[in-house]
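Read through the structures below before going on.
Presented sequentially are two complexes of subunit A, the first with subunit B as partner and the second with subunit C.
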Partner chain A sequence: MKFNHSLTFLHHIRDIKDPEHPYSLEELKVITEDAVEVDDERSYARVTFTPTVEHCSMATVIGLCLRVKLMRSLPSRYKVDIRVAPGTHATEAAVNKQLNDKERVAAALENPNLVDMVDECLAPSYA
Partner chain B sequence: MINKSQAKAVAESYLQHLQVQSLGQQDRKLCLQILECLLDRYRDALLSLGDDLVYGICEAIDGEKDPQCLMLIFHIVELLAQLLSEASGPSTNFAGDLFDVLECYFPIHFTHSKSDDVDVKKGELSRALMLAFASTPLFEPSVIPLLLDKLSSSLPSAKVESLKYLSYCTLKYGADRMEKYTESLWSALKDAIFTCPLSTVSVDSDPVDGLGFHESEIMTQALELLQVLVRQHNASFLSLILGDGDISSFLNSLFQFNDFNSLSTQYKQRLHAVGHVLSVCIKASGSSCNKVFESFFPQLVDALRLSVEDPHKTVHPALDANLNFGALYLCVELLAACRQLVVSSDKGTSAPDISRDSWCQILHSFCTSLCNVFFCLIRASSIESTWNAYVYAAVKGLEILATFPGSFMSVSKLVFENILLTLTSVIVSDFNKKFLWKAALKALVEISLFVNKYHEDEKAASFNNIVRQKIVSLISSDDLNMPQSLKLEAIFDIGMTGKSFMHSVVSELEKTISASLSEIFVHGDQQLAGLTAGLLECYSSKVLPWFHFNGGTDEVSLNFAVNIFAKMESSTSLSLGAKGKELLGATIAAVKQAVTGCSVESQEKVLQKAIAVMQTSSFFLSKDLILGTDLFNKKTQLGQISEGLSSRDEWITSLFASVVIALRPQAQIPNIRLLLQLLSMTLLEGHIPSAQALGSLVNKLPLNMSEDCSLEEVIDTLFKNVMWRNISIGKEGNDGGAVDMGNLSLSSLNSHAVVGLAWIGKGLLMRGHEKLKDVTMTFLSLLVANGDQGNSLPFNGQMKDPAEHRVLCLRKSAADAFHILMSDSDACLSRNYHAIIRPLYKQRFFNIMMPMFLSAIVKCDSSTTRCFLYQAFAHLVSETPLAAVVGDAKKVLPVLTDCFLLLSKDISHKDIIYSLLMVLSGILTDKTGQEAIAENAPMVIRRLIELTSYSYLMAIRETAIQCLGAMSELPHVRIYPMRTQVLQAVTKALDDPKRVVRLEAVKCRLAWASIASRSIHF
Partner chain C sequence: MNFADGEFELKEIQKLEGHTDRVWSVAWKPATGINGVPAVFASCSGDKTVRIWEQDSTGSFHCQAVLDETHTRTVRSCAWSPTGKFLATASFDATTAVWENVGVDFECVSTLEGHDNEVKSVSWNKEGSLLATCGRDKSVWIWEVLPGNEFDCVSVLQGHTQDVKMVQWNPSMDALFSCSYDNTIKVWVEDGDSDDWHCIQTLGESNSDDLTIKIWSDIDKSQDWHKNAPWKHVCTLSGYHDRTIFSIHWSREGIIASGAADNAICLFVENNDNEVDGPTYKLLLKKEKAHEMDVNCVQWNSGDRRLLASASDDGTVKIWELVRLSGQKL
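And then the complex of A and B:
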């Protein structure tokens, strides 16, 4: 399989809508092609996203959206790492920790309000 | 009807009591209609009302906005203005008041996008207003300044409108009234033509004029107005133009720029504009043409360094790379305009009038040297396929010179022939200069059209001598440098301009085809075979359709078909190599195409010839089948296995079969029994066209052909024919054609017979004949027969008994026969080949066969038999129109899912599975179909899940996942229990090696996941 993996991956997440704006994450430059690293042989993917402002309160929700979308779009063999780009968020370490903690992700997804929010962001847009 | 005084009373009370503008839209419309009617019918009555009428009407219409009412108002004003200006009595001052009402509507700005309730369009409104503006010359003092004012606006649409109105009003108001505006009009026009964002540079490969510009709307309208003005104020307006400083200084500056590529876009636009202005002047009249030529042509000639003194000098001194492009361009533009002037005035003016004109003499004296310049340009052109302004101008110039009407001889015969020679030699030798080649071809086509249109005998003779012969000889030339496709393109583009030319093309083509065929038959020349196949293809795809469209098909086709058969007759042995098949295919297609277009009589002639040739085949000679001996038995006794036909026999039989396939139903067929016998024999050798021919025969024969022979009889003969004996069709007392098992397994029957029977069945099916039942029963019994013998899986290599293997093959072909029965074929039995087609025959057949298959499937207990039944059923379902299948969806679905289960085990069934999947997705898109699927949801989903990992064909995986995705729309109660399974399966598909499948899988997964997204654990 000699095609461009990161482009394919970007294709999975580019259409996710921002929780606060009617724009997609790609339009807001929250994610870009460079932000996706894929190693197909080792089944590893890392997404680095850039919150729009330093104090963005939605950073965790965006991260959660990315995680859910990738869980639904990637084969289960993949390990996905989601991070905030270094120096772009006030509570960078806390957000990173939260997003990559299995337990906390699972717990978050049991919260109906959060899940509704995530689903809204993931709803297919036919633009 | 009311009388005059009543009308007057109505009008008076109308004006007194009605306040039109305070009413609703419908009422206003009615009021205006009354007014319109009064003005139209009772002019005299209204005239006596005088000023009251004008003011009343002004009041009634002032401030109207509804488009429908506006249409009426514009018409009312038009009528009123005409009425008053004719009377010219009381109110010459009405014009100002009336116009005040109208003024605000110009230019029409109308953005009513949806024309659902009102069907008034912007164009109609604009036209109505224009008529109102032009209704009386009395409007002139107000209208023209307004239009001139709007013309200087920056809004392009306002400019276009103003120009349009100006052209129309200028004509209506007359020269006297317009005289005082000429100068301001000219300066406004100059502004519009020269400084506007003119025409855009076109990017596509087919530019519309010599500079590569597309005309803009403003330009077109401006030039129109210019033309109107030049015609109206002949000399005075022309002197304005000719005396214009900008134009003359531009022409003087021509010398500064030489090379086309160094010109700026701005300069090109000016050049373009000047060219157009001058050509409009020329086109206006002969005298204006004279003036333009006298004042400008000498300059151009100087720029091009032409000389009158030595017109026969072949190499022009000015021909270095930088010939002045501007001058060249203007020259060609002027020439084109002159030609148009001559063509348009050709009927009115007699020829000597024009040729005495001074422009004509000037042109005549420079003609030869101009031609020389063009020739040199063409010769100097380099190999490039892109657009080249010099080449374009040169070819265009030659074309114009060659197409001056003959009553006006500015071009001598010698020059004309020179032009033709040059262009033809470009076609023949410069085929790698693509742009030049295309341009030259186009020019030749134009010249040919011109010669035909104006009946120029002398020129036609030259054209014939030079172009036709040279071009036609291209067909037979052995020159392999020039690609065949280009040769054919040139021949047909020019050929299509005239029937006589086409006839000579055809005769040459036939000569070449027949010569190369004999060459190929004797020596087996591979390369020639490829070329000839190309010729034949072009014959069937271009020549014959052309004749079909333009008449004369019959003769040409007849000739061609008979010639081909004559060729076959005379060649005794064939040695064809690998290209033989391709050549045979092309020949068959050409013969079919030819015969199908023939009239009934010609078809009969071809058929006779074909039969005569057929009788020379070794097949026919060696075996005495005329006597009806049991050839088949003889053969099996001798232990011969059919080895196929010899090359020559194959050709003859194929061609013969193609004639039969293309026959019209009305054609009389002599000696039909012999024909049937012949075709049956070749069919048995595995010759498909013969089978198709038999199918066409039974499809098209009239019910009662002659007193001793009817369709029934023919079919019976066919069925009783020796070759079927072992399948025993429609044997009486034998429950619908069951098969004698013992006989079958022992016989050496080959599956060709089954294929043949399928084509015959197709013929019967399409015309809706009842004998079809026998055929289908035979197939069905073949399918279910032998249930206990073939219990081991087919094709698994364990087959030791060859006889048993043969039986399996036979049953396989019986299953495939349903594909032949149901699918549409391009080769035969189509509208093209005059097949009799009963409406909805596929639906009917499906409805008859469905229950039979269902019961057969229920009854059968052997897996092999089941497999064959499913294959046949799959063919049936996948070729039936979807509407019929959906109607029976509830019954079809269970079988369909079983088909998936059983057939997906074997790689050879992948195409069947794919077409079944398409049926399933079709059912999924239909409302009733969805209900049926919802009922069977668990089963369908299970099968689809299996197919998501079908490894032999990507399209199947993709479609299966798409179907699964579509099924997520079904009622949740039905599908929810399957959710986990689907998600698991689709998760696997996320890792599919093909990207398309993965993307579909993501979509599908998302759709299924969101049915109940509360849990992430899918």
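And then the complex of A and C:
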């Protein structure tokens, strides 16, 4: 897999608002410039984010926000993996598994409360 | 059937559009596509509907019915009863609907409630007397089919420690297999006639999203399932898909089809070249870009042509036929 760090893709997600604090993911350093790796030839992107605290209960919501924004912004041929930065979450493997479980993501996006929360976080990123 | 000589191709027969969201599963109606009976299958989708498709005399499939206004969320899985009289549909709305098929009509005759949240899979036993469902609430439910289209829950199986993704009955005996996000597969049988179901074996322990296909066998053919754990791992197929494998199905001739998030379909056949103990399998062909997005389900029709249906995130169902490269049917 040949990766390039993509500032273009970063642009889609840097202004997403954190679910708990009135700051963007970039301002809180949840997302950094290195966050997005892209292999355009293989239509693959991977996003790595750092939750604000190790036991962050919002990790799955942040992951969902990232996935939804990229889903809406990228061509449908893209495969996207989302993960927490290694060593930054107490239950890293479990969180990563859930973030990339397509069935769980689909079900979450049918939950109106969750969709409202995600849309609120994504609003600043459409500007 | 000898697949060693000659080359084969999975020929695309038709692309079926109609669903307005991803298609999660397809299921062929039993005893169709054979003996002159037109092939029929059901597809279910994130658009909350189930579509019934039938093949006409020219060989083309068209949508015969849309089962809507019943489920209020994604329909994740569907399964026909053994005679094809009923179709059960499992939904993220936490219910399982049972539809009766009379002629070209489908009527929802029962709604099974009980799961706390998304139901992910449904399966009928060989006799059509029992139905199993499973879901994110970590449980497996077994329902008994009673006269008058009544369904009674006879057991709720707890044992998995996470999301249960799929259930499937053994085709020849009343043993139920459930597979879970907890990386295990459990085998459940009934204790005599007491309606007491328990787990006789737990398989797995390795990562369930490890990009491999594993084959298990009860080679010892122990008669007493209650005493021994008969299922043993005999073969692993790895390196064929580079993203999550969502579906696997065995044709009645033993061709294994797999569908994955790499948009590809693979076909495997038994490898008779080796002298090793036990069965091994080899790749017959890989169909790259079978769909434009993830392949969620592959299912062989059990009729007289080697038809395969595939369902995808791209919202389409495709019908394929396995043929020799010269174009001749097998």
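Keep this in mind: the second predicted complex is superposed on the first by the 119 of 127 C-alpha atoms of A that agree within 3 Å, B and C clash if a C-alpha of one lies under 4 Å from a C-alpha of the other, contacts with A are read in each partner's own complex, and residues count from 1 in each chain.
As a working rule, contacts are C-beta pairs under 8 Å (C-beta built on N, C-alpha and C of every residue); 3 or more make two chains touch, one makes a residue touch a chain.
All figures in this text were calculated on a predicted structure; none of them were measured in a lab.
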Subunit A as common anchor, with subunit B and subunit C clashing or fitting:
fit
With both complexes superposed on chain A, which partner does A:Ser57 reach: first (subunit B), second (subunit C), both or neither?
neither
Figure out whether A:Ser76 sits in contact with subunit B (first) or subunit C (second), or with both, or with neither.
both
If touched residues of subunit A are counted for subunit B and for subunit C, the larger one:
B
To the nearest 10 degrees, subunit B and subunit C lie apart, as seen from the C-alpha centre of subunit A, by 140
According to the stated criteria, A:Ala106 is in contact with first (subunit B), second (subunit C), both, or neither; which is it?
both
Tell me which partner A:Leu122 touches in the superposition: subunit B (first), subunit C (second), both or neither.
first
In the overlay, answer first, second, both or neither for which of subunit B and subunit C A:Thr8 touches.
first
So after superposition, what is the minimum Cα distance from subunit B to subunit C, given in Å?
5
Going by the contact definition given at the top, which residues of subunit A touch subunit B in one complex and subunit C in the other?
76-77, 106, 110
State the interface residues of subunit B toward subunit A in the complex, per the touch definition above.
987-988, 990-991, 993, 995, 998-999, 1002-1003, 1005-1006, 1009-1010, 1013-1016
Which residues of subunit C touch subunit A once you look at their complex with the stated criterion?
22, 46, 73-74, 76, 92, 117-118, 120, 136, 163, 165, 181, 209, 243-244, 261, 292-294, 314
So, in the complex, the side of subunit A touching subunit C is made of residues 76-77, 79, 97, 100-104, 106-107, 110
Can you list the subunit A residues touching subunit B in their complex?
1, 3, 8, 11-12, 68, 71-77, 106, 109-110, 112, 115, 119, 122, 124
